[in-house]
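Shared chain: subunit A. Partners: subunit B in the first complex, subunit C in the second.
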Partner chain A sequence: MHCIVTGGNVKVLAKAVHSLSRIGDELYVEPQEDGLALRSVNSSRSAYACFLFAPLFFSRYSTTSGDNFRCKMAIKSVQSVFRSLTTLEKTVEKCHIDLDKQKDRLTFTLHCKHGLLKTHNLSFQDSESLQAVFDKDSYANVFKAQPRLLVDTVIHFPPSLEEVTVSVSDERMWVRNHVEEEAEASKAMLTELCLASDEFDHFAAQAHNSVTFCLKELRGLLVFAESTGLPVSMYLDEPGSPVVLSVTDSVLEGNFVLATLSDDPSLRKNSSKGAHTAAPPPPDDFMNDDMDSYLIAMDTSIAPGPSNTGPPPPSLADDTRSKRPAAVSHKARILIEEAEEEEEETDDLDRLPNKKFRSLFFGSVLPPSSQLSTQPMTSQEVLASDSEEET
Partner chain B sequence: MPLSTQSQGDDDQYVLVASLDNARNLSNILKAITFKDHAIFTATTNGLKVTVEDSKCLQANAFIQAEIFQEFTIREDLVAFQINLTVLLDCLNIFGGTTTPGVSTALRMCYRGYGYPLTLFLEEGGVVTVCKINTQEPEEPIDFEFCSTNVTNKVILQSESLKEAFSELDMTSEVLQITMSPSQPYFRLSTFGNAGNAHYDYSKDSDMMELFKCTETQTNRYKMSLLKPSTKALALSCKVSVRTDNRGFLSLQYLVRNDDGQICFVEYYCCPDEEVEEN
Partner chain C sequence: MKFRGKIIDIACLNHFTRVVTTISKLTKMCVLRLTPDNLFFVLSGKVANGGVSMWCELSQANFFDEYQMEGVSSEDNEICLEVTPENLSRALKTVQNAKAVKVKLTKKHCPCLTIAAELPTLSSVSRVVTHDVPVDVIPRRLWHEFKEPSMPDFDVSIYLPPLKTMKNIVDRMKNLSNFLVIEANLNGEMNLKIETDLVSVTTHFRDLGNPPWGDDASQDGGPSQSRDPESMVEARVDIRRLQQFLMGQQVNPSKAMCNIVHQSVLHLILLHEDMSLQYFIPAVA
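Coming up: the complex of A and B.
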C-alpha cells in the first residue's frame, strides 16, 4: 500500500487517529479497494469506531488489489507521529504512508517546511478482521445535527459521567445522566436537557425509545466533528441495540457504534420519558469495564492463512440477526454477521473453540435461552481474552 | 560575622563581587543547566562559568561574560567554588519570580574566598533579602579535550526547527543517534523506541541551516537520558551549533539572548554511547 495525504487532510487524518484513541488502545489498519479503514474497539467490546477514507481523500492511493492485508498497532505510536496538531497545520506539507511487508513496517513520512523530513517506521502485528456490521437503514430513529448542538449538550455533564440516557418522542429528544437505582437519593444529581426537533437538521423519530450508553466514548467523535464542521447523524433503536453516530462527507465516513444497556424483560416498563428505569444491577458490576453488561459482539476471525477450500461455515448471522436483544437477559448481545472472508473461517472453527462466540461469553455467563439454543454452543466456559487469537 | 548594609569599604574583603540589575539574567540561564544539584562556579576576569556534570559523560557549561554584569570585580586570577545549584536558584527567585513589567529583582553576589559562603543580596521593591549559601571544595571539571582542530562535522541551525524535533523525540528510545554527512541524509536525528524507529532529517539546503560543514559521514549514539536536559537550553536559545570530533564526542553550543538582549552561551559536551559504523 502506498498513499499520500496532502495539506489540510493531514490534520483531518491526525484528528481521526486521536478520536479513535479515545475508544481503544490499538489501531486496526486495513487498506481496502474503497479506501483506507482505520478502526478501534474498546477492551470490553462495548464501543467500536471506524473511519473510512475514500481514495479521493488522498492525492495518491494505491493498494495491491486482492491483497487482504490488515494489521494493528499501538495507537499511541501512531499518535506520536501526529503529536502536535498545531505544528502539523503549520509545517506539514504532505504525508506519505507506505507499507513494507518484508520488514513488517508501516512508514509515515512527513514532508515539512524548511526542508525537514520526519520518518516514522512503525512495527505492526497481523490482526484479525474487526468489523461491526450494522444497518443504518434499519434504524427506527434517525437524527442529524450540527456538532455544536451536541457539544453544547454534552458540556453540561461532568467529564466523569459514565452513562447517559437519550429518550425520543415525536418532537423532542431528552438527554439525561443515568443514575444507579441504588445510588443515594441525597447524593445523586439528575441533569436533563430537552432538545426540540427544530434544533436538528433532521429529526425522524418513529419509535419512542430510550437508550442508555457510555458518554465518554462519544466525546471523541464530537471533537472530530466539531473541528471538521461535519454534521453528526445519530441512529437510535430500542434498548440493547447499539446506537450509531456518524459523520460523513464526500471523502470520508466515520462511524461510532456504542452498545446500549438493554432492559431487563421482567422489569420492562413503558419506555416513555420519565418512566424508564434502569435494569436491576446485574450480578456483575456492569460499571466495571471488564465485566460489562452490554457489549457489541465482534466478529474476530483470524487473518486469512493459506486458503483451504472447505465447506462454507453455517451462516449464523441469519439465525441471530432476527433475535432482537431486547428479549435476551440484561446482558445485551448483538450478534454480528461475518462481513467477509467466510472461506477462511473453516480453519478457525477447526482449530479453536468457536471463536465467533467467544466474545459472547467473555467474562460472563448467559442463562440459557431459546434464542441461543440455535447456535452450536459447546459450553459456557469463560475463555481467555482476545489476545490469544493474535498470531 | 554580623551582617550590615554593604558599603564600598567592605568590598575589599571579597575576592568576587558581581552585580546585576535583573537577577533573571543569571537565573534564567542557570535553569538551562540545572539537571544536577551541584555546580562548579569558576570566575575569571572574563566572567562567570557555571559547570554541571553527569556521570563523567556529560558536561554543561553556562557562560555569563563580565560585560553582562553591572559590576564585576575579581581580585584573583581565578576564583572557584562548588555550590548547590538548586538552592542558589531558589534564592535568586526568592521574590516569587513574577514577571511584572518594569519590576525586577536586583542582585549583588559576594564571595570572600575559600571556605566562605556565597552571599547574595537581593532587592525588589525596596525589600532586601540576604542569603548565605555554603560552598564546597570545587571538583576539577572534566576536560573533554574537544578542540576545533579535531572537529570533523559542524552545523549551525536555527533553534526553532530543532525545538520541534526535540519535543517530539521518542522517549522510549534509550539512545539518540546523530548522523552527519556531506551527502544524504546530511543531518539526521534518530530514535529507536518501543513503537519503531523515527528519523528527523534536516537538509543542508534548508533555510533553517545557517552553516553546514561536514567532511565525513559519521553516526554516533548518545544516551537519551544524558541529552534530554539540553532541551531546556534549546528552548532558551535562538541558534545552536552541533559539532562532532574524530572520536564521536558531541558538542552542542546554544546562543541565548537574555532579557536585555545580551548574548550568553550554554554548551553541552557528551561522550558517545558506542562507536557505530555507517548504517
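Coming up: the complex of A and C.
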C-alpha cells in the first residue's frame, strides 16, 4: 500500500485518528479498494468507530489489489505522528503512508516545509477484520444536525458523565444523564435538555424510543465533526439496538456505533449479557470459560440472527443486510481474544470503565471473498507466532 | 415550603454563579438559608472540616428579578437546605447565556433545587435545560447551628494585602510547612511566617491600614487605645485552610480584612457590593 495525503487533508486524517483514540487503544488499518479504512473498538466491544477515506481523499492511493491486508497498531503511536495539530497545519505539506511487509512496518513520512522530512516507522500486528454490522437504512429514527447543536447539548453534562439517555417524540428530543439504579439515585444531580425538531437539519422520529449509551465515546466524534464542520447524522432504534452517528462528505465517511442499554424486561429472563440488573462478568472476562453461555445469551438478546455454532459460514456475510447485527461466530471470537491476550503484557491499556450491561452488537465479519476459507487459517497462524511489541 | 426565584439579567446571573463557585471551592457541602430578603451560605465549624466555619450573605434583590418564598411556617419564615454547592455551580456555569434562569425548590425523587434555564436558539422554540440538584431539608430543631456568627473579640483588625499576592506567597510557603503564622499589629503591619527545622521564611507587609471599628464594634475594651500599636498578635493556622480560602476567590472584593484573636482564631472578611463572606480559621498550637 502506498498513499499520499496532502495539504489540509493531513489535518483531517490526524483528527480522525485522535477521534478514534477516544474509542479504543488500537487502530485497525485496512486498505480497501474503496479507500482506506481506519477503525477502533473499545475493550468491552460496546463502542466501535470507522473512518473510511475514499481514494479521492488522497493525492495518490494505491493498494495491491486482492491483497486483503489488515493490521492493527497502538493508536498512541499513530497519534504521536500527528501530535500537534497546529504544527501540522503550519508545517506539513504532505504525508506519505507506506507499507513495508517484510518488516511488518507502516511508515508515515511527513514532508514538511524547508525540506524537512519526519519519518515514523510504526510496527503493526496482523489482525482479524474488524467490522461492525449495522444497516442505517433500517433505523426507525433518523436525525441530522449541525455539530454545534450537539456540542452545545453535551456541554451541559459533566465531562465525567458516563451514560446519557436520549428520548424522542414527534417533535422533540430529550437528552438527560442516566443514573444507575444501584448508585445513590437520591443524591445524583439530574440534568435534562430538550431540543425542538426545528433545531435539526432533519428530524424523522417514527418510533418514540428512548436509548441509553455512553457519552464519552460520542465526544470523540463531536470534536471531529465540529472541527470539520460536517453535519452529524444520528440513527436511533429501540433500546438494545446500537445508536449510529455518522459524518459524511464526498471523500470520507465516519461512523460511530455505540451499544445501548437493553432494558426490555422480556429480554432479562433470557440473557445475562443483555440484562439490566444481572451482574455479568467484567469485559476482561471474555477469556473465561463462560464463552458458550455468553454466546447463547448473545443469541437470545438479539432477535433471530444466524446460527453461530459452526465455523464462519458465508451466511454471516449475507447478514450484513439484516436489521439486527449478526452474532459472532465462536471461532472468530476466539481469534479476537487471542490477539488481546498477547497485548496485555505489552500494552499499558487504559481500560475504559466496566460497561456492565451492554447489548453487544458487533462481530468479526469475514469479508465475503472466495479466499475466505484460507484467510482465517493464515491469520490464525500469524497470531500464534510471536508478535513484536508495539512501539 | 416554597421557593421560586428568577434571574434575567446576565450580569446578575454571572455574579451569582461566581459567588456559588467561590463557595463550592471552600467547602463540599454547606447549608443554604433562604429568607425573604437574603440568601445565606453557611458552614458551621465542626471537627470534620478542621473547625473552619463560613458565613456568606447575599441580598436577594441584588440578584433575582423575581423572588418568592414561603418558609416552614409564618413565624419561622425561612428555608434551610443542605446542598452541595459544586452541583449548583456546575448547573449555573452551563447556562450563562440563558434568557432566563429559574431556581425552584421542587420535589422530584427527593427534594431538589431545580435550575431551569431557557437558552436562546435559532428556532422558534427555546431550548430548555433543567438541572435537579438534590438537597436535604434541615429540620427546625437544628437551625440554631446555622446562625450568624458573632463578631469575635478580636485583638487586631487589619486590611489584607492584595489577595493574589497573598495567595502566591501562601502557595509557596505551603511547600515548606504545614502551618503558617499570621501576625499583625495596629500599625498596618502584617507578617506571614513559616518556621521549620531547616528554614524560616517571613514575608512582611506594611502600610496595610487598620479598619476603624470604633465603639460600634461589639467587644469590650476595644482594640483602639489599650493596645500598643507596634505589638503583634498572631494566630498559627493550618496553611491548607488559608490556601483554600485564597484559591477560591473569583472576584476581587471591595474590602478584604482580617481580625485576629491572639492565638485563637483568624477571622477573614471579604466585602463585595452585594455580598459579604466571612471565614473563620481556628488557630492551632
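One rule holds in what follows: the second predicted complex is superposed on the first by the 260 of 391 C-alpha atoms of A that agree within 3 Å, B and C clash if a C-alpha of one lies under 4 Å from a C-alpha of the other, contacts with A are read in each partner's own complex, and residues count from 1 in each chain.
Just so we're on the same page, a contact is a pair of C-beta atoms (placed from the backbone, for glycine too) under 8 Å apart; a residue touches a chain by one contact, two chains touch by 3 or more.
A quick note: this is a predicted structure, and the numbers were derived from the prediction, not measured.
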Clash or fit (per the criteria above) of subunit B with subunit C on subunit A:
fit
Now for A:L193: first (subunit B), second (subunit C), both, or neither, which partner does it touch?
second
For A:S80, is the partner it touches subunit B (first), subunit C (second), both, or none of the two (neither)?
first
Could you look at A:N68 and tell me whether it touches subunit B, subunit C, both or neither (first, second, both, neither)?
neither
Report for A:I155: first if it touches subunit B alone, second if subunit C alone, otherwise both or neither.
second
Once chain A of both complexes is superposed, is A:S227 in touch with subunit B (first), subunit C (second), both, or neither?
neither
Once the structures are superposed on A, label A:K118 by its partner contacts, choosing first (subunit B), second (subunit C), both or neither.
first
For the combined overlay, can you note the least CA distance between subunit B and subunit C, rounded to whole Å?
7
So subunit A touches subunit B in one structure and subunit C in the other; where do those two contact lists coincide?
none
Residue positions on subunit B within touch of subunit A in the complex are 161, 164-165, 167-168, 170, 185, 194-203, 205-209
Subunit A touches which residues of subunit C in the complex?
87, 90-91, 94-95, 108-110, 112, 119, 121-125, 127-134
Show which residues of subunit A lie in contact with subunit C when the two form their complex.
152, 155-156, 158, 185-196, 198-199
Quick one: which bits of subunit A touch subunit B in the complex? Just the residue numbers, please.
73-74, 76-77, 80, 83-84, 87, 91, 105, 114-123
